[in-house]
Amino acid sequence: MEMDDIVVKILEKPELKEPILIEGLPGIGLVGKLAGDHMLDELKGKKFVEIYSVFLPPQVNIQYDNTVKLVNMELYYWKNRKKDLILLLGDFQGITPDSQYKLADVVLDIAEEFNVKRIFTLGGLGTGAITKEPKVYGAATNKKLVNELMKHGVVFRGSGAIFGASGLLLGLGMQRGIEAACLMGETHGQIIDAKSAEAVLRILTKILGIDIDMTKLAEKAKETEEQMARVSKMIEDQKKAFERQFPIEQPTYIR
Amino acid sequence: MEMDDIVVKILEKPELKEPILIEGLPGIGLVGKLAGDHMLDELKGKKFVEIYSVFLPPQVNIQYDNTVKLVNMELYYWKNRKKDLILLLGDFQGITPDSQYKLADVVLDIAEEFNVKRIFTLGGLGTGAITKEPKVYGAATNKKLVNELMKHGVVFRGSGAIFGASGLLLGLGMQRGIEAACLMGETHGQIIDAKSAEAVLRILTKILGIDIDMTKLAEKAKETEEQMARVSKMIEDQKKAFERQFPIEQPTYIR
Amino acid sequence: MEMDDIVVKILEKPELKEPILIEGLPGIGLVGKLAGDHMLDELKGKKFVEIYSVFLPPQVNIQYDNTVKLVNMELYYWKNRKKDLILLLGDFQGITPDSQYKLADVVLDIAEEFNVKRIFTLGGLGTGAITKEPKVYGAATNKKLVNELMKHGVVFRGSGAIFGASGLLLGLGMQRGIEAACLMGETHGQIIDAKSAEAVLRILTKILGIDIDMTKLAEKAKETEEQMARVSKMIEDQKKAFERQFPIEQPTYIR
Amino acid sequence: MEMDDIVVKILEKPELKEPILIEGLPGIGLVGKLAGDHMLDELKGKKFVEIYSVFLPPQVNIQYDNTVKLVNMELYYWKNRKKDLILLLGDFQGITPDSQYKLADVVLDIAEEFNVKRIFTLGGLGTGAITKEPKVYGAATNKKLVNELMKHGVVFRGSGAIFGASGLLLGLGMQRGIEAACLMGETHGQIIDAKSAEAVLRILTKILGIDIDMTKLAEKAKETEEQMARVSKMIEDQKKAFERQFPIEQPTYIR
């Protein structure tokens, strides 16, 4: 029998009080991922769900201790406030359009199981320009939430589109009665943007009524950039090598 | 459990008298979409079905009021005449070849449920040239319908192919005993062509025996063009940003 | 419920005496298709099976009488000899690698149902050169058949690969105990090659012990070429137009 | 009914004593494949499993005796030592990302059925440089195995990623409690590298406590290279021919 396309491993079933789900998967400027990863580091969340999927790249990453880790998405929780938090983190999003839907849908299944009523998705909005004080743009599933976010300084433009998990958790979430908003940090688009991630986090923490130290964020962005450059270089080399070593290519029938 | 590939939401079950289904999804010159959207605006149809699918782009669009809308296809009905009308509209067609089949098949399920016996699909026929008085070309599922359309000025060429929903609703529809025709407005192909959409609508309304004011069509085309340019620019920027921010690419094994 | 990926319509269930299945789908130099189509024209076979599939291009073709025909594969039979014949024809092969397997598998289901014990697949072997007297290369599922074909002048090279239906009907057929051979006409590869198709047919008819007039083959090749150039031009235009009219493109997440 | 995506043919059910599974599928520098194929030749393993799949290229290869062989993966066993060996070999890996997962998962099903407790996957690590004494890099599913391999001279870098079967057999294997390591021979990446394969084999045989003559390895690499160049040239020609002969292309709807 074929393996399931998506495998959810629940490591623990914490009792959470109407937790708020925050998505910080990779996207434009890595803004969402940087913000999400930083939240985890500062708040010391606890991993309770792992999601594995054939829709993620077929690869393992080699860790510092030389053991491997299969690519996945992970959920963390944090209980130190009135409304608990859940963080959705990972190195990848689904690699095909339909898998984006299917992964978002599974995340929402989990969200419902833990009684999530509100979601914030974090991302970047690429402008091609570098700005000193990046704005945070928003969109939400209902007018009331739009108004609430406006009060916290979120900027609204009344047009555009949101791709991937940051969009689908809103679009599919609202069909389940979960209200959700996307916070998009203004960013150049072609740099890993800690400034933009910080702007997003400043507004998000204000909304959540929590406090997060931003000191290490820029540092982490730099580290991420270096590490990615290194890994990227190596992977690019390997990929090229890999491809050129396949003289027997698969024909593309009717293209 | 994985979500369904296509989800049909029936909002209302109107009693329709052998309604005629008209498809106005995006395609060449946006002729079909412009014509379909304009019909809706002028005839004030009522939405009764929404189709969501993993085969549509994984994105939400931000609306003027800053709330989001998940990409979908929609069906509208209009009851003010002997034979009622159903309009099929949307911003996208299925994004893979097989999904084109599956989405058309679901539309035909709905069509049968509402007793549709005839379908008109609207599209453009790109010629690479700009013409002042665009012809309307046709093709149909049977000779009798071809002859009927000829009398209304539809031009037939006896060759060619029709792609996507405009073609499959004919090809799959005839297998269910639904007669159908495609009306293709002559168009350059690389401009959003209100003139061509108008030509298609003039013939369609004659066939249907209804009247539609064309005044706002050109205006709408212009608006659409501007809006699309704006959105397109933004999306293009974001997409570029998005892609460049993924240093860890997925290898393409054997290509 | 979603439509089946492959739909087989059996129009008639003829009593066939261990028929030989001959595949003439499009491929290199259109050699196989030309040969197969010509056999049908000369032998006046009768259509008894239609195969429709989401794995074929989502399009209808407009016929000379202006009615449309949904893209498909078709099986014809011919009973005028000791061993009856079945022809497999069509305008396309499956458009994804896995669909090639699935379509070949369904064809073999049908073959078994009609008691087929032997298959010949027809194709071209592209050499990049133009030759006056094209050789016919072969490969088979067993040594005995190789030897039999050698006696009829088929040339063997002991290396290479056969893609698509012409290969899979052998590879999957032998797993069902159906012996099969592929006949590949030497061809330039970038022209529609009636000469090569004739060479293949000359050997095939010798093997089958039948006679086919070749007079109209060259003519048909020319016609095919003209028609394809015409259709191709039109389709190319439409496709370009189609693509450029989609300013809202789907992002490619992680490529 | 549609054929299964993956078909496993068990030819024999040998009694194996906690066999070690060694994967030698094609990849960077063909290092893993060369090493695996050479082990088979020297150790004279016995084939006991064949894996066919719609996820492999839709092609048959023509063998020296002019019969065809459907593309597959194969498992061999060898019983002449304390711990028996299983070899996983083949000409291709799965051609889509998700199929990589599904094929690895099926291999692990088989591994479990034969009581495999340890896996070694063999591959290359492309550096873009040519080196006289290629190092062998490693990664493993647990620290204990890392330490064990270090003692045998395997080099560890604490970063990077492993793609395809060589990675997934580790990542998915550890979820089933099978410990596994990947041995990657340092290699340029764009040549078929017998030297690197030899380096990998030297360490692997030391770990396994067996002896393999390396004399014919370089020879085989050369042969492979020549044969691949030949086949590759022919296939490239055919592919070009194939593609150009399809004037009726499939449109790409929304890209």
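For clarity, chains are labelled A, B, C and D in written order, and residue numbers in each chain start from 1.
Simple rule for what comes next: a residue touches a chain if its C-beta (ideal position, glycine included) is under 8 Å from a C-beta of that chain, and two chains touch if they have at least 3 such contacts.
No experiment lies behind these values; they were computed from the predicted model shown.
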Check your understanding: Going by the average position of its CA atoms, which chain sits the greatest distance from subunit A?
Key -> C
Point to revise | Rigid-body rotation angle, subunit B and subunit A, from Cα fit (steps of 5°) | key: 90
**Study point:** Interface residue overlap between copies subunit C and subunit D, same or different (over half shared)
**Key:** different
Revision key, fill the gap. Note: subunit C sits from subunit B at a C-alpha centroid distance in Å of 34
Review point. So how far apart, in whole Å, are subunit A and subunit C when each is placed at the average of its C-alpha atoms?
Key: 48
Check your understanding: What are the residues of subunit A that contact at least two other chains?
Key -> 5, 57, 59, 92, 95, 97, 100, 161, 163-164, 231, 235, 238-239, 242, 246, 248-251, 253-254
Review point. Which residues of subunit C touch subunit B in the complex?
Key: 2-3, 5, 52, 54-55, 57-71, 95, 227, 230-231, 234-235, 237-242, 244-255
Exercise for review: Spell out the part of subunit A that touches subunit B in their complex, as residue ranges.
Suggested key: 5-6, 26-30, 57, 59, 91-92, 95, 97-98, 100-102, 104-106, 124-128, 138-143, 146, 156-164, 167-168, 170-172, 174-175, 182, 187-190, 192, 228-229, 231-232, 235-236, 238-239, 242-243, 246, 248-250
